[in-house]
Every structure is written in C-alpha cells, then in structure tokens.
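Letters A, B and C mark the chains in the order given here, with residues in each chain numbered from 1 onward.
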Amino acid sequence: MHIAPGQASEKFLRAVTKVVGSDHISLADLDRLSYSRDLNPVSNLSTNEGRFGPMPDAVVWPADTQQVVQIVKLAAEHRTPIIAFGAGSGVCGGTVPLRGGIILDLKRLNQIIKLDEDSLAVTAGAGIIGQHLEMELNRKGYTMGHFPSSVYSSTLGGYLAARSAGQLSAKYGKIEDMILGLEAVLGTGEILRTPATPRASLGPDWNQVLIGSEGTLAIITEATCRIRPYPAERRFASFVFPGPSEGTEAIRQIMRHELRPAAIRLYDELDTVLVGTSSKNEESSESFWNAIPISQFGNFVKSVAPGLIRRTERFFGKRADLINLLEKFATKGCLLVMTFEGESDLVADEETLATELCEKLGGVNHGPEAALRWWNNRYHVSYKQSKVFYHGAIVDTIEMATTWDKLVPLYEEVRKAVRDMAFIMAHFSHAYLDGASVYFTFVTAAPSVEKAEQAHRAVWDAAATACQRVGAAISHHHGIGYTKARFMSEEHGQMMRVYEALKREMDPAGILNPGKMGL
Amino acid sequence: MLKKFHKEIEYGTYCPKLCRFACPVANATGNETQTPWGRMTLLHLVGEGALNWNREVSLSTYRCTTCMLCREYCDHEIEVPAVMLAAREKAVADRMQPQESAEFERFFSERHNPMGDDLAARLRTLLPSSLFNPDAQVVYFPGCVMIYNYPQTIKNTFRVLEAMDINYVACYDAEVPCCGVPLHDQGYQEAFAKNAQELGRKLSKAKVIITGCPSCAYTLKVQLPQAGVQLTDRIYHMTEFLAPLVAEGKLPIRRPYTKRLIYHDPCYLGRYLHVFDQPRQLLNEVCREPIEEFSWHRQKSYCCGGGGGIPVTNPVMARDIAQKRLVEVHEGEKKSLVTACPSCMRAFEKADDSVEVLDVVDVLARCI
Amino acid sequence: MTRKATRKTTNVELLNQLRDVLGGRRVSRGETDRINYGRDLWPRSLLEVRKGQVPHQPEMIVWPETTEEVSRVLRICNEMRVPVVPFGAGSGLCGAAQPMCGGVVLDAKRMARIERIVPETQMIVCQTGIIGAHLETELNRHGLTMGHFPGSFGTSTLGGYLATRSAGMAATGYGKIEDMLISMQVVLADGSVIRTRTAPRRATGPDFNHLFLGSEGSLGVITSATMRAHMLPEARVFRALSFKKMDAGLNAVRRMLRAGLRPVIARLSDEADTLTTLHALGVEAKDCVLLLVFEGRAVRIDLEMKKALAITRELGGRDFGEATAQRWYGRRNSEQYRQSPLMTDEKLLLDTVEVSTVWSNATHLYTAMRKALSKKVSVLGVMPHAYPEGCSLAFTIIGRAGRADDLAAYDAVWKLALDTAAQAGGAISHAYGIGRLKFDRLAQQNPAAVELLRGMKRRLDPNDILNPGKLAPCTEGAC
C-alpha cells in the first residue's frame, strides 16, 4: 500500500508543531490513514477493499482554544485546509479531508469546565466524549439527555457541529435545544463567544448558525449546555398498531396532547420483525442480520449477478425459512415503543394518557417488555452493520423529516423509489408537535466496490427525489458532509446564497473543511 | 372645542395603542395615522403649536367609524368618537372639513335628508294611508336609509305587527325624515341642532317611538337631548319592542326559517344601546338552525364600515371594512347575514352583492 | 460602520416609481403619516413628542400587500440607495422601527393574509403583517393557540415578533417566538426572495431562520412565516403565592421548573412591584408575590399545581389563593397603561429594563440592578419569565420627564442600567431587542458578534438600505 506524501508546506507544519509540541502532531501514514475516513458507508466499503480516499497531511491535537486560534491563523496564512474532528462517528463523510490539509482532533479539549447545578448547566470542552460527559453528569445526579447511538464514540463538539439528535429527543430536545452558549474560533482566528443565558434578544443567534455547519464556518471549542436532574423514575410501554398510519397517528396525538415521552419510536412491519414485539422474539431480532437472504427479496434478486448471490449467500445463508418467518411477522403490525422519565407522579400521568390515546387508536398494549428490550439494545444497531460490510454488502440509513400530513406519504414514496434497488425498512424515531422523522435502513450489494458505490448513490438519488417530491428535509440528524452535499441546492434553494455569505464572512480564506455541505 | 379633551389627547399620545387590533379603520388601512394613537398624536401636536391645523389633519379625524370598539380595550376609558366628533366640529367651524363633507351638507340641506329625495312621498306609496296618523301616541320612525333602500323591510315590519294584531303603531311620515345623525357625524352641530328642533316639534306628541334603525334610536334618545331637544323617554329599537311580544307567543309562526343565518350586532344597537339579546331571541323563536356568531360579537362586535359618516368621506375605506367583516360569512356552509340596522345592511350590500343581507324583521315576516 | 450609501435620485422619481408598483393609495408622503411613522413606542420618543417634536420622519410610507411588491419596492430603493425601514405595528420599545435616516417606511400591515391553517399539523402559514391578536383569534377558531402573548399583543405583528426575537407572557409554557417558527420567507435588499423550508427539524447546515430572527430589519424583510401552534388548553388554574424575600421566590420558581413543572406563567414581583403594580390591579397580597398559571389538561395541571404548592410550603411561602391570581390575570394588560397618566399628570416617564441570566446569577443581578438604579430613579422589579436554567428580570424605572435636560438624564439612566447589567453578568436584552437603545452597549460587550452581524449586513445589503442607523449611528450627511 502506498500513501502519497501530504501537500502542506513544511514551513506550515513546523509552525503548527511549534504551537502544539511535537507530541501532538502526527505525520505518520497510519494516523493519516485512520483520519482519512469516518463511518460513512462509502468509506467503509472502500476500506473493506483496502482502498483509501483522500488523506490528511497531518493530524493535530491542540490543547486549548488559544492553540486552535494559532493553528487557524497559520492555516489561513498558508491556505491549508483544516478539518475539525471529534470522534469520527459521522456517517456522511463530514470529516473526510477531501482536499488534504490538517485534521484538528479536538479530543484534548475534553475538560468539564463548570457544572452549575442551580442553573442546570454544564460547560465543557468540545472534545469531550458524549458518554464521558454523561457519566460525569450521572455521578452528580444529572443527565444531559443526549443519546445518539454513537454516544460512546462521538463528542460534544461533533454533536453541535453536526446538529445531532439523540434517542430521547422528544423529552430532552435535540442538541440545538440544549445549547446555552458556546465558544468558537472563526476562520480568521477570531474567537466568537455567545453569552450563556437561557434566552436573549440580541440579534441573530450565532449558536444556531454554527450548529450544523459541520466545521465549515468555525471550530467550536467549548459549549455550555442545558442538563436535567437524573430522572427519578423511568417507565416503558409498547403497543402494536395495524400499520404505520395508525401508529404515526398515535404519536401525533401524544405530541399534540403535550406529552413528552423520552423515547417514542414506531417500527414499520419489517423493522418490527427485526426488533420483535415481545421478549420471546429475542432470537429473531438478534439473528436478523445474519439471517435475511436479501438475494431472495423481490426484484432485487434480478439485478444482482450470480457471483454476488454466491457471495452474499456466504453472509446470509440459505435460510428460506426465514423469509417465511419474516412474512409471517410482517403482517403482525407496527410496534411502538415508548419510555417516560422524570418525577414519578408526572411520569405516571404521562404514561396513563399515552396508554389511553394508543388504545383509543387501535393499539394493542404489549406491556413494557418490548420497550425495555429496545432500551437495553439501543446502541446495538451500529454493531450490526459491521457484519454487512464484512461480507461486502452495503448498508446505510436515510433519515428524513416532514410534517404530519406528509409523513406516511414520505415513508411510502421513498420505499417505492428504493424498493427495486435495495432491501429497505423503516422506523419513525423523533416526534414533534408538527411532524416526525422517518429513518430508513437499506441494504444493497454489488459485485465490486465501484458498482456498490454506484448502487449506493442510485438509492440515495432515488430517495432524494422522492423526498423532494413529497416535501421533506433530506436529513433529520445525520447531517450532510460530502455524501449528501449534492442535495444541498435542492434542499435550500436560494438560501444557499446566505450560507455562502456566512462562509465568506466567517472563513474568508476558505480553509475550514472545504468541499463540504455543497458550498 | 378640543380643550375639554385634554386628558384624552394626552393619554392617547402616550398610550400603548393596544386598541389598534380592534379599530376597523386601522385594520382596513394598516396605517399608523388611522389609529386612535395616531389621531391623538396629531391633535396633541396641533395643541402644542408644532403642527398646523389643516385639512390633512382634519381628514384624519374623519376616519373614525365611531364604532367604539376601541373603548372595549382602553384601560384609560377614552371615548375616541367624542374627540373625533369635536375635532370635526372644529374643522367645520374653521372650514377645514373635507370637501366631500361640505358637499354632503349642502346636499342634505336641500331635502332635510341624506338621500336627496322626497322620502315622505316615497313612504306614503308603501303603506296604506290608515297607518299615517300625526297624532298617534305610538310612532314608528323608519329612518332615511330604511325608506330609501329597504322599503320592503318597512312593509314587513307592518306585516309582522298586523300578524300580531298590533294596530296602534302609526308610521311617521313628516317632511323632516332624518334624525340628523349624518350632520352630527360630519361635524355640523349647528345644522344638527336645527334639525333636532324640527324633529322635536314633529314628534312632540309621541309617547312611544319605535325605530328599525339603531342610529336613529340612539340619536333620538341620547343626542337630541344633548342638543336641547327632549322627546319621550320611551324610545325603542324595533327588536326591543317585538322580543317580549314574540316571547309571549303573539307571533303566529306558520313555517320556521330553515336557512343558516349569522347575526351581526350593529354598533349603535349593541355597544351604544346595549341591545344584544332581543334580536337573537327573535331569531331563535323562528329559526330551525342555531344562529351563528361572528368571532367578534355582542359587546365586541365589529363595525360594518357604515358608521361615523365614513361612506361619505372615505367610501373605499367603508367598503374595505365591510369586506373584512364579511370574511367569516363566506366561510363554512352557505349562510345569510342578518342584522337589525339598515345602515349596516347597506354597507354590506355595497361591499359585496353576493351575500344575502336581511333585517331581523324580514326573517320574521318570512315565517308568518 | 458608517453609511456609505448616498442618494442617487430625487424623491419625485422615487415616488413615481413606487406608485407604479403600488398605486397611489398605498404610497403616502402626507405630513400626518410622516409624523405618525416618526416614532415607535420607545419611551425616549415620548420626551420628544411631548415637546412637539417627532425627530425621525420618513419621506414616504408604503403599504405593499405581497412578497412580490416588497421585492419590487426593495429593488427600487436599492437602486436609488434609499433607506427602507420595515415596520410592523410600531410597538417596539428600543427605537428599532424609527427611520433614523429618513427614507421609506415599509409598513407590512396590509400583508395580513392567512394562507393556510393546518390543524392536523398544528401549523399556520401567514403573511407577517398580521396583528398578533388577529392571528390568535383565527387560531382559536380552529381550536389552536400559538401561545405568544407579548404585552403589545393588540398592536404588534408576527413580522415584528420574528424580527425582534419577541417572547410573550406565557413563554415559560409555550416558548418564545423562535420556538414557534418553522420556516419563513425573506426579501433581501436587492429584492431577491429567499425562504427557509418547512420541516419539524433538519440537520442540513446552519439554521438560517436564526440569522433573520432578531435581525430587526437590517438583513431582510420577513414577508411570510409558517408557525407552530398548540391545542387550546382544556383548563387553567391560578395561584397567588408570596415570599418574604425575592431570593426565596426565585428559588421557588427554580425548584418548580427543575422538577419538570411547566407553568405557562410564573411571574414574581418584588416588594415594590407588589405594593404598586399588583395592588393597583387589585392583587391584595404582601411581600414578593408569585403569580402562577398552569394551562392544559385538568388532571395534569392539578397535579403540577399540587407539586408547586408543596415546594412553596417547603420554602416558607404563603398562599394567597386562586381568586387573587385570577384578578390579576383578568387585568394583566392594565400594566401597559401606566405611562399615560404618569406622563400627563405627574410629569414622570416610565421605562422597562429587561435582562436575563442563569439562576446561579439571578439574585446577584437583581440586587446589583436594583441598587444601581435606585440611586437615580424609582424601581419596581419583576421576574416575568422563567426557564429551567434561568430567568429574565425586568425593572420598571420611573424618572422625571418635565425638564429640559430630561433626554440627557434618560440616556444616563439607561447607560447605568446596561453597564450594571453587563457587569453583573446579565444579557442586556431578554425579549425587547436592541434597536437604537442598546446597540452601542452590545457592540462593547460582544464585539465579535457585532462584527459578524455587520459583516453579514455588508454582504446581504451592500448599499446599507435596510434599517440604516441601527447597527451604527447615522453619520452626518450620509442620509
């Protein structure tokens, strides 16, 4: 394997070394390689084939904001790209160094700077790992309430930069709801600090401009976030509805009655099989990724080469019985799982009304087990994907959001658009007063990496067209990075002019994470 | 003339203008000047000598429908119409009134009414001569707009009375057909007083006066005494007169009224004379469908645009106000608008001829 | 930033071009209109108008009815380098809508059409010139409420709420205007129309809504918005409580919110405010009075009130019952009417300084503000809005308004107020915005943020036509 040397000037790298010290910069090929990808499926696929995309010239671990400022100033001077990096769990290639430059790994900015218990606020460095922050808060009797499935391998700065949403967003909000104030270094090296106040009317809210900008406008170095007392009680409930229409209607009713379950997730028929509606289905759930013979799914089979079938059968096995099992379960309905947390009497009240609403809408009460099981396995989904990649197939997720009137149409349109190209299933996992998100998982395969990339791209294009037709957001919480950058002009239209103006204003040298976000 | 309104003008200038959302003129124009706050500010600046009292300033005082809805939301309890009418009086005195207003006054003085026609003659063709009795004690005062625009409602009124075996009500048909409110609204207080004197003579024998027009009722009852002319104190709107009688079962209802109706409270009948229930009671007696209500109703009813002389000086504004009111009539199931004021009816019909507009009496008449 | 833009044309040409777009009736250059568009409700202007002065008269006022018309008006004004001041209903308290550099006032109130109400998605799409009270009435007819009730409810517009980042009386329960906004349409200075898109949430870059929210007319004209609404509450419960000291009251509210209670209103008066404002409204209670209102399902709000009362008892608060609080609720808008009698009869001026901070700093900020301001003016303190992390504090200040040097005294008090707030760790505006009043202090406090704002203004409005003189004082001869 040959890795080409970086493009950054030696003078620049020397200057950066002087800022951080030689222990905190690496030009080593292996480090460059590790930082060349995040968890986006295309990278995974290439990696599986032993191919690598663009490499950073160096990886730098600054110690504090002042060092970040100095590095950014140097990068601006030398016109060298600089890519802020948290823990690399992004699934859209947001940190892939498309044009080389340096990866600025912020994990040394990982201190909890202040815990203000009266104000329910925590101030921490952007590089702190989500789970570390959460554990520390838990120890003091608090929770941040932010639980993306990447929580073990993602950072506070990453949450903010990528506009993350956790599994308990219905109660605790998404990352943009948690922000009180932040500190960020602009592309000029200027530090922007927004006051940590519960609310102010002082012009544009720069927090909300920087959140979601994925390192293209500034490097977030520190943030003050809302926290909540660790819940006194947690309750679980599950219901099975005849179909997605009935299930989403129940979610809508729950939200409009101002109930705030912590988690509220509805699985479509196929995804319900995966999750299982009771504790007895443990096996089917666990074995799903090993067992589903995708080569036998509908039209998909016609589009794959015999060689591929052999290859995928290695992975999926010849388990026709499982198809039948799937079909049997597929008619079983849609599973809704909910968790409630907070003070006991308030939680009891919410669960009571939620139960009443679900039952009124035809939901069959399945007790707490299925929800409890979801809770216990809530981060496992990420592990399941590895096996798919290992076997050369490709799995990805598409998460979109729209208003209630368009939600089921969106679900149906995207499935229809993708069905012939990939196996696809979905759940609805973040609910709001005015709508919800739908989270598709699709699996496809191809005889070569190149073909797989094409297939992956084709699925996304078809899904994006459907998304546009129905009128939905192309991403609910995974972000854009570069893998979805081509959808940005459709997504924002003329508003991209404003994004470009922000870019020029905050990053006049164009050094911050270039080539991303459709800029 | 404005001195006695010092408090109103100063308070209005410094006020939080929270009544604006209720002001029909402010809502129709979207203009800051056309809010009570804006008009008071101008009068304040005139008072300070910072602004010349000219026709443009006076015109702003002619842009008030006198509907009094602002008063409902004014914690200072300012009665804006009184200030505006005083300012108009000053405008007339200083010859600063709008041209349309001056022309209107000339037109009015020819026939003692705003229609420029011999209304008494028109009236006599409508009803049998037996109904006209200058010495009657119970007098029906039809009002100019009713005679000129709604002769059928006058006929219906007497049909209803007849059906109820009430034969003691005579119709007023004197050569002074107008209560004078149009003059009052335009600031011609002198002419109004003269008209009032005439009316006082013509109506001196009446022990009870009933009218179908809320503006007439209010003028005869409240504004004439202010001009020194005291009529009988038993002055009623027709709905006030009819409601207790119909409640007693005096009206023989042959067939119920089956179409949908929405009731509009005329400002002068409602806010000025506090008559809210009687029209509704009458309608409920004869209608099969429940009477619909506007979201602005009863004490907080919204102007039709026909008040305060607005149709004379600002006809487009009057139309815009009426159209705003009619939005809810066009929503949902098809319905007719019913009210108890010929000026309101006229304002709505002029603004939108696709809406059927009825008087409460018309509805009653269709059921006998 | 100084105003570089210079006028290229005479106003007759401007008038003619605007009339071509809007017709004669929706363009005015009449004196009475110029006077009434010369001020908003910035109390400082009252000192001027009392003396017969209206200092910032526009040249013209226009009333567009559609986004297209706004776009055409802006194109003309941009071409001619004429200032344009977007205007809602002029209830701002910081002078943000005053045409400091003359030019054209663009009154949005004729853009009041409700385009769509979708009860199913709890959404309303409407033009931004609609008055708050009208919008709420329409929503109520569909069984919905927006929950946005600023004191100016009857004389403020949706566009104004968005442009100034407004928060209403029930913000503790229903959130602030930014929580209600889903998407909006904005016309930029060059007339181009851009929009954010509707979805309950998206992770597709910055939230562009938040660039225009609070921009106070300096970056664009917001012409249409899609807003969230809530179901009308089934029930409402009230309580008047009281605490010996402000500190205890603040602590009680903090504890309630921390426990997960969601009152729609939690309003705490200090002793001075209780004795004046509340007593005038018939609230017969002592010390620091906390007015609590819960709305929603009957079962839920009873439960929440029960918990709130338990916290109150624990902290030594007194209960003045439901009726006392209801009396306040029924007359809550009367507070807005204190100005006129003071100005007319007492030659006194009233203003409100409202700031915000986190709970751990609330008592410090309150004490510092009260102490500093009391040396110059009478002070009534209130905590009008609370959040789980902190609260806003509003100080009604009453000072003299009958002498020649009143303007200077007014400015000095405000300087003291903002300096004190900033030094004591407060944000210098919670919900009223910046306007002319607070901009200089903001620039001093957060130069980086202000530079960004100015930079964005230069990029989106290179000729500085949109509400000039706000992000920097108007320079002599520039306009």
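We adopt the following convention: a contact is a pair of C-beta atoms (placed from the backbone, for glycine too) under 8 Å apart; a residue touches a chain by one contact, two chains touch by 3 or more.
Everything quoted here is computed from the prediction, not taken from an experiment.
Student: More C-beta contacts across B-C or across A-C?
Tutor: Most C-beta pairs in contact, of the two: A-C.
Student: When the mean CA coordinate of each chain is compared with the mean CA coordinate of the whole protein, which chain is closest?
Tutor: C
Student: Which whole number of Å gives the spacing of the CA centres of chain A and chain B?
Tutor: Chain centres of chain A and chain B, defined by C-alpha means, are spaced 65 Å apart.
Student: Go ahead and note the Å separation of the Cα centroids belonging to chain B and chain C.
Tutor: Going by mean C-alpha positions, chain B sits 38 Å from chain C.
Student: Between chain A and chain C, what is the separation of their C-alpha centroids in Å?
Tutor: Centre separation, chain A to chain C: 36 Å.
Student: Sort out for me which residues of chain B touch chain C in the complex.
Tutor: Of all residues in chain B, those touching chain C are 7, 10-22, 27, 29-33, 35, 37-38, 41-42, 44-45, 48-51, 56-57, 59-60, 73, 75-76, 295, 316.
Student: Can you list the residues on chain C that touch chain B in the complex?
Tutor: Residues of chain C touching chain B: 25, 28, 30-33, 35-37, 41, 46, 49-54, 61, 63, 89-91, 107-110, 112, 129, 131-134, 137, 140-141, 151-155, 333-334, 336-337, 339-341, 343-344.
Student: Tell me, which parts of chain C touch chain A in their complex?
Tutor: Touching chain A from chain C are residues 118, 120-123, 164-167, 171, 176, 178, 182, 192-216, 219, 228, 230-231, 254, 258-260, 296-297, 299-300, 303-304, 307, 356-361, 385, 387-392, 426-434, 442, 446, 448-453, 455-456, 459-460.
Student: Can you tell me which positions in chain A touch chain C when the two form their complex?
Tutor: 116, 118-121, 162-165, 174, 176, 180, 186, 190-214, 217, 226, 228-229, 252, 256-258, 342-343, 345-346, 349, 353, 401-405, 430, 432-437, 471-480, 484, 488, 491-495, 497-499, 501-502, 504-506, 517
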